[in-house]
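Chain IDs A, B, C and D follow the sequence of writing; residue 1 opens each chain.
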Amino acid sequence: MLDKNGIAQRIAQELKDRYYVNLGIGIPTLVANFIPEGINVEFQSENGILGMGPFPWEGEEDADLINAGKQTITALAGASFFDSATSFGMIRSQHIHMTVLGAMEVSQNGDIANWKIPGKMVKGMGGAMDLVASAENIIVAMMHTNKSGESKLLPECSLPLTGLGCVKKVVTELAVMEIKDGAFHLIERAPGVSVDTIKAATAGKLIIDGDIPEMKL
Amino acid sequence: MLDKNGIAQRIAQELKDRYYVNLGIGIPTLVANFIPEGINVEFQSENGILGMGPFPWEGEEDADLINAGKQTITALAGASFFDSATSFGMIRSQHIHMTVLGAMEVSQNGDIANWKIPGKMVKGMGGAMDLVASAENIIVAMMHTNKSGESKLLPECSLPLTGLGCVKKVVTELAVMEIKDGAFHLIERAPGVSVDTIKAATAGKLIIDGDIPEMKL
Amino acid sequence: MITKIVANSWEATEGITDGMTVMFGGFGLCGIPENSIAAIRKRAVKQLTCISNNAGVDGFGLGLLLENKQIKKMISSYVGENNEFEKQMISGELEVDLIPQGTLAERCRAAGAGIPAFFTPAGYGTEVAEGKEVRIFNGKPHILELAFDASFAFVKAWKGDEAGNLIFKGTARNFNPMMAMAGKITVAEVEELLPAGSLDPNAIHVPGIFVHRIYKGDHFEKRIEQRTVRQRKTS
Amino acid sequence: MITKIVANSWEATEGITDGMTVMFGGFGLCGIPENSIAAIRKRAVKQLTCISNNAGVDGFGLGLLLENKQIKKMISSYVGENNEFEKQMISGELEVDLIPQGTLAERCRAAGAGIPAFFTPAGYGTEVAEGKEVRIFNGKPHILELAFDASFAFVKAWKGDEAGNLIFKGTARNFNPMMAMAGKITVAEVEELLPAGSLDPNAIHVPGIFVHRIYKGDHFEKRIEQRTVRQRKTS
């Protein structure tokens, strides 16, 4: 079973050289810590920066330099700043190669729900709807089940949707699954996790084709 | 009767303090030479400059600094450069207070034709269609009649239109006319020009209401 | 040249009245028009519809107008981190229209560009699309969204000149340029206000034509919402 | 960082093939991608559909591709001052699609911004509107226009860096930024090519993500179309 860093590390293996990447808040942000060697990627934050670097050294924080999670950040050499219209322009026009975000629910046809729980305080979708409607390569980083132990990988989402049929891969503490043809295809198990455990935790249609390898981190 | 400079000088009287102005090619360009005293205006050229200044001194021409007529120009203090999308953005969103352009024909309801003569080489509309579709205050600078002596102020345009019902005023070598309620309203005569001369040269409906004053230049 | 300088935030907010729709630049607390917000609070205008990506936090940013009960409706993409907001929303005092961030940005941009409507893929298949026209382009469904219409836009820039030209710093740019272009009256507060000719005309983010009033802000607190740092190793 | 540098104009134009739709930045002869045009002429690809505000002049700019019979169709707003163009257009060899300049700019911008279609007032009631959807917004008729789709965009910038970031000078900016954003493959030639970190990240006009190949142009003639000057008074 993976911890949050493990999930991030596994997702980092999906990075390819010369990718522009948008990382959501939470586990996705951690992906930046595990860029494989020899791979050059650039991180975009939708509030208006390309070439986002690590957090600043203590005392060097700049209120005018934050990421979409409102955290203070730095800019790397070759970075650029731009306005929000340009930022979502590059997102909608599919210049971003990979988007990683969290989710409350994912359905077997790739629908995602991650912005609203009816009856609870609703904080808003931020940039998530634009991202999932636009990106070709959307990876969800989340726990396999919610706090009540219920599967978050469902036949259909029960919560209000963020986007339709857009999620390509899900990485959880238990497994890596690809979404295609209306089903979750199990492609890797987390270290020490059995196929049966994954099966039990997945409410949606799960395809298990042959031996499922354990992931290598 | 006015010459081209006279037409430009009369149009310059339409400038008001704090106007942003777009001047077309030809006579309209000359308007910039007659800004009334005490009036501050800024000139926009749709290829991407606000705060356009006069032609450069000989030897100081810059190939990267031209107006929409492709003439070398200068930029005044407070000028800005921008791309064509932003430029037409400010035109369409009616940030330009006055647009002066030439025409082949103007109709009594304010239609304008100035880009195409069927059967002849067609050079294109450039930015004229965007300008006339957007600006609130469009003034046409032109000769009252064409080279064959035919009126260019018509009941209806015979040439392909550039825009519909958009021209507010026409200034020719003979007169100043306001367009409203489907007619040309004669408001001023050029020095030494009789109302009858203007009548004879105007094919469209011309309203002559009371004594028509001679313009003051 | 046409000068846009006004004396201060009070003069800059002249004309704002109850019930208006107004835009506020900024993302989180980054690049928000602090001084104009303070003046609007002082003016005590009510029933405002505010277009702003966020709604501030308790005691800062638009939170100051919320706690003073000046806002009738928020049009935003994300409104977390604000107890007063939550209270007023749950009690029904405050209307909230949540829209995707990119759509928010593009609807501002459209207003400033004279584009009354455009198609975007964002929100298709979600409740955001309810009641909106759907059309397929390149095999993909899109929804029709409309330009905003705002009486005032309040923005904050780093540097400005007397002609109203603006330059932003870092990610404090965010929504400010499009809102500056969209406002019927655009008010810019700047950290540095310079004479015309001081700014490189190639480097201007918002040409002065879009800015109606400009002033140097008295004070910029520039509060940081999430101070995240790397610790220096002590040897 | 992702580097975008290619060796020269030949390498930069690799992959352009007969029948493609390609964009060229520039207004008149100002800010045109001279070096890429020369390389495309050398590659002798045919039947190109070219999106460019103008079509160059005889012997320069896109005039070089016209006289080499490489262009099937021009999509432009203004095409005067070109005898070869006129000859080919009248003979029917060359197709021409004339569209309003602001619409041309916005259709490029839309492509780069992932907006498949938008409404504009320009051209309503003229032959430009024929066959297009008309809709009233704010009491005013608008027509629906579509984003362009271009396999390549060739642009020219003043300064660029290895990450592909671009800065333009004066009115040589014009259509270049939107076309850079719109091209499936965007090729930028620059007068100065600098290491990453050399350009102020606040002053960048086109972020490197939009630029796929960048190179320093061998030679920029920068021809002036209308040299207009004030004479110095000699005393």
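As a working rule, a contact is a pair of C-beta atoms (placed from the backbone, for glycine too) under 8 Å apart; a residue touches a chain by one contact, two chains touch by 3 or more.
Everything numeric here is computed off the predicted structure, so don't read it as measured data.
Simply put, of A-D and B-D, more C-beta pairs touch at B-D.
With centres defined as mean CA coordinates, chain D is found 36 Å away from chain A. Here the CA centre of chain C is 32 Å from the CA centre of chain D. Averaging Cα coordinates per chain places chain A and chain B 56 Å apart. Chain centres here are Cα means. That of chain B falls 28 Å from that of chain D. The set of chain D residues that touch two or more partner chains comprises 106, 113-115, 120-121, 168-170, 173, 201-202. In chain A, the residues that touch at least two other chains are 75, 81-82, 85, 88, 91-92, 134. Under the stated contact rule, the graph of chain-to-chain touches falls outside the line, ring, star and complete shapes. Under the touch rule stated earlier, the contacting chain pairs are A-C, A-D, B-C, B-D, C-D.
By the touch rule above, chain C contacts chain D in their complex via residues 106, 110, 113-121, 135, 137-138, 142, 146, 167-170, 173, 200-203.
Across the complex, chain A meets chain D through its residues 18, 20, 40-42, 44, 50-51, 75-82, 85-86, 88-96, 134.
For chain C in complex with chain A, the touching residues are 27-31, 53, 76-80, 86, 89-90, 96, 98-106, 108-109, 120-128, 158, 168-178, 205, 222-232. Residues 45-49, 54-73, 75, 81-85, 87-88, 91-92, 111, 121-130, 133-134, 160-164 of chain A are the ones touching chain C in the complex. Residues 1-3, 111-115, 161-163, 165, 181-182, 195-197, 201-202, 204, 207-210 of chain C are the ones touching chain B in the complex.
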